[in-house]
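Take a look at the following structure, please.
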């Protein structure tokens, strides 16, 4: 099936900056969305294996979350309140602490850093630097942490870095797990530099890491690598920041993506799916002993959006009171892995690679051109799925964790067919 | 009247970082809000002359905006969609262009830079630097532009700058209008440096300016100063960025705060009240010839929050189809000015100063201590009003533009009484 | 008289980088020099009112210095010894302390920072930053401190700054004395920024200043301005660095150019004439309490050139054991001033300005073009004199302090005649 | 034999900053020096295997050089002349071009960057950045390039970096040859980052490298590694800067230390032994197409010291007109290597390592403490030899290339005896 979709008016397109990007891949006008299905203005349905780049782990407009949100708005619950105390905020804080933090043995303090992920990362970097009195941060190859100046300096993508207009400094990239296909011992270079007084590396305040690099191509670090990284940080007095903005909130199974590795980061960033409803919200979690800012030393207008608190609280209650979602995510992830492996075997000569963990999955093609043709073909078939990786060579699957079996199956079939069509033509 | 209010549980307080600030001034738990009135969890009412630091120009939960928001959410309008085309987004774009931009002769392109004001500022600075190939930016004394690394570097406040943990570079502060009480010719130093090949100033990419410095103490630049600044920028090939995040969206009368001066900035930032409902949203408006970014060179997860588009569109329709709101804002502003002048005259020995323009008004006290006592007294009387300025010496009034006459009168009386109480005791 | 001089072979010219500059103004090949007279390879004589840009305060090849130098070299005195103890070094240190420092009440420690002025400045900036823990430095408009990265960042000249290839940061230029022709109160902007917690100026580690800006156009700061600057630094806990590289060693009368103002800088840089014989040598003098470097934290290969120590010691003994030279310098400076004033009066319509102090004198023309014609005409008449200032509009006189009356008179006449020729043709 | 030496007066010591270092290792006062022998003020003789850290390749006060120097000074040859044309300068330029550059196929232009090595490095970095329009530079672990801000940023030593007082940016350290004992393929990380658009490395303007790291512990890069580095630079459009300040001028055999590898750097820095007599002098050699500076864009007071030109010219004539010195240097280097290998074998359990090439030789001990005891013992025996390496664990031999057979033998015996004494006690 190929959908004939409404394209936006030329007038509208011209009103906006050429910097827009996703609307180029999917040039239709969306209107409604429920669960894993999006509808354009003509009523055409699309299965969403992109999920707002990880912002819609519970799907679009989850009915339970929608209900509390409508109720809250209808009764004139306060919407905007900066960082004042509100009933909604307090309920979120206690629910988050009781259901998420404490059961996982985390005693971190919650910073509301601003509405988006970049705010969470900026707050993390600022605090790590202030606490340690050092400027430098270790980032990893193909990392993505955001587009503000601080976040961009620890991001790998050359095109995005080029947008900064100033030299990006105070960060040094190190090889991510498996960067050399296992040929080089983990952290060989980083640890040598840290112990070599003549190495020339500025002593780092922190290491910032994603457990799985989503934008970087669904590169999943091994649990052992993460443990060794955490250990290295501890031995050298470096703070460990896990940026869990895209991979947290259940994307890999557990609420935090680092749980499987059994590590406890000093600072954790969350955003994207934390509100549960696609609303702007972000958190920076910091070990209590790092909480040294003065009141107001980091602030911001949208540091506490109550509608987001309301849906976030409900999402936690609904999905994290037991391990149902976690088990389902892991099992579905394995299902994708298995189907990807079948494609890898079938098209052995292409050297496809199945990547990922939980419901963050990637199928790596030999070129970005091929991967792009697959996502284009998938879109023509009614599936939204994007590419990532330095050369856009990885087809990246981030379906809602709560996707229905039927939507899941339909989506997978469209994708598989798209692969077949592209590779056999 | 003194309100006995509910204070939040100690447990809740301990869950959050000590960086929280507003909840220290107003240690009650808010629950509901309508128009210019907020209610705590015990049902006590407070008149809001703070308006989310300028994010609630149309008051809390404006009924017309609430209606379209509830309708949109109820019918499962798409909520999260990154920068894809959506019906809500297109409606916002055309409405914004037709009602706001074009009638004012502005042909700027719209960038959706991310959910908050700092994103808008970061995008503005990045683009200005990329376009000009220069790094340096001129900021002004007592400016406030945000807390991410780029925005912080053009912000004046020493405590907030100290939070960065790295040296803030690529920006040079210049004296804002009236910094020397009129004793020094405007732009004397800046213009000399720009024309002196031995001056040592890195040639700037841009000047970033607020027409009224809200955080800086309600310092309102004269229209003539702004015109001269715009002229200076043009003569020296420097881009002019007006940060209209707090003073735009009608706060001073016209939609943009720079309209009165008759200038056309190269880049404009908007946030705070742009959604109309206190929802996170931000815009960076750029002259068409500056729109040189590649697709995706600046991006972000929350660059298009549809609920915010829906309320923003309705707010524009409702409040900016004619000049009713604009005239009302100006007239009310003059009313405050007049009442402030009476206080200034009554307490001549204190050297109070009435400041501001439109409904951004300030009453400057000889010390932050006195101003703080006034806001504390006001809060005890049921009015939310904060201080600003380098020494928190200015009581800052940002009431909703749509405040009812009764709320307005009640609020002003509480404030005036607070001044009397503090200065006469 | 016009001299027919030997121009260097084209071959030679092509071997060297195009960055060479003085050889463009004076395209002859020099061979010998004594006192204030230089000889080209054809034996033509030139009177030198440039004195190695202040490196030859005692003239070329002073006979007394030459004698000790030849003796030292002949007896195989050690030439190169890094910072080892040598007899020549100890003799210099004790002579410098006994004859220069102690009689002036200075208890500064001596750092040998490297062979040239830029090393002295780099050492000063490094130490000031380390001591205070701050990065930022205040420099002045039209300052010149050197061409290495640290020194260049506090230098004003835009062309030279452009050579750095990286953004020059951590320095903010402030107006030098009389930058606004007396219309603005001294230090108005700097002091306001330092006391304004919202001013946006990074708290400075140090102020670096020349008492007379040689490269900047012979701008002589008033003693009162220097005193106020020293006082401002003390009040704000900022270190005061006086860069006395060009104006020290007697150029203005006293050994240090700041003596007249009665101030005591925290850090002093010396170079150029310190060896007395034009040999590379530099000193950084620091208050004892600032001497916090670890051994070797600043080092360098040429931090103690013994031939320079030998001539430096002899120069101090010969010229600074009494005040003969100081009085002569002041009196000759006044003679130049008087003759310049006559020119100023004679060519009133040109708005010439006589500038300077001691034997650092300038005659400012309305344009660099006119000043350049004067120096060219002077060269044709057998006098070396260069221009300085942002537009090369100042003819700059730095004759040897020890110049003979005959050479002085001859040089002045050539210069006066050149002015007449240029302005009357 | 243990020498009883004169220690400097306490008074003298107190006049100088605590930053002095070599005088701590060798606390005697030197007075005279000839060839490879230095004499203290009591007439005690010391054999010099340190040679001014490579500044005295032709020994102290070489008689032939001394003669031309005395002649030049006696006949009042011009001493100081900035970058004017002088007979001495032209003679140096033509001799250097004819005898050194052209026979080696180098068409580089000569920049006189200032009197010391740091000036040469600063000029190299500035020019590389200006030419490429990029800021970042690749340096290597344990590199040493100087103490000014630009040079320090590409230097490895943590203590020296700490002296800067500002974050050192715009440079990234990469592993030097054999940093991982051959376990990791050369340039694995650097080349991956350069070709990975998501690697996060700022595209470098240049690579700066020493062929043998003197301060870094006499780490000699293999010719193959240097060739591969040159090739990598060419493939990626990165300028190759060889810092030949310590290893050039014949230290490794050929005039330039990179000759053996057969590479042609884009930029070459020379200093230390270039004057031949221990006088401050430095050169930056640049490919003609890189010579894009404007006249005066890089300048400096001591950019052309004629006494140094005179001795440099004579040194080139005397030592580089044929290959006598080159062959002798290589042969003597092999002699040291052979004697070091005997020590390595004799003390197998200590894991000594013989390092180096030409007459830059090192004997690595298991700890800095042992190496320090050896140099101390050697000094007691009348030999000057210093340590280097990140932990000062390498005894570093840089004897004059022209050392007499007797001095050489005596020095080697003292050193060998010191090793025996330390390791067998």
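Quick notes on this structure:
Order of writing sets the labels: A, B, C and D. Residues in every chain begin at 1.
As a working rule, a contact is a pair of C-beta atoms (placed from the backbone, for glycine too) under 8 Å apart; a residue touches a chain by one contact, two chains touch by 3 or more.
No experiment lies behind these values; they were computed from the predicted model shown.
Averaging C-alpha coordinates per chain and comparing to chain D, the farthest chain turns out to be B. These two copies of the sequence, chain A and chain B, are related by a rotation of 180 degrees on CA atoms, to the nearest 5. The greater number of contacting C-beta pairs, out of the two interfaces A-D and C-D, is seen for C-D. If each chain is reduced to the centroid of its CA atoms, chain C and chain D end up 30 Å from each other.
A straight line joining the Cα centres of chain A and chain D is 50 Å long. Within chain B, residues 135, 159, 166-167, 170 each touch two or more of the remaining chains.
Against chain A, the residues of chain B that register as touching in their complex are 8-9, 11-12, 15-24, 26-34, 38, 41, 52-53, 55-56, 60-61, 66, 69-70, 73-87, 90, 93-94, 96-97, 109-112, 114-119, 122-123, 125-130, 133, 135, 146-151, 153, 159-160, 162-167, 170, 205, 245, 271-272, 277-280, 286, 291-302, 305, 307. Looking at the complex, you find that chain B touches chain C at residues 135-136, 139-143, 154-159, 161, 167-173, 175, 179-180, 183-185, 188-189, 192-193, 196-203, 216-217, 389-391.
Across the complex, chain D is touched by residues 166-167 of chain B.
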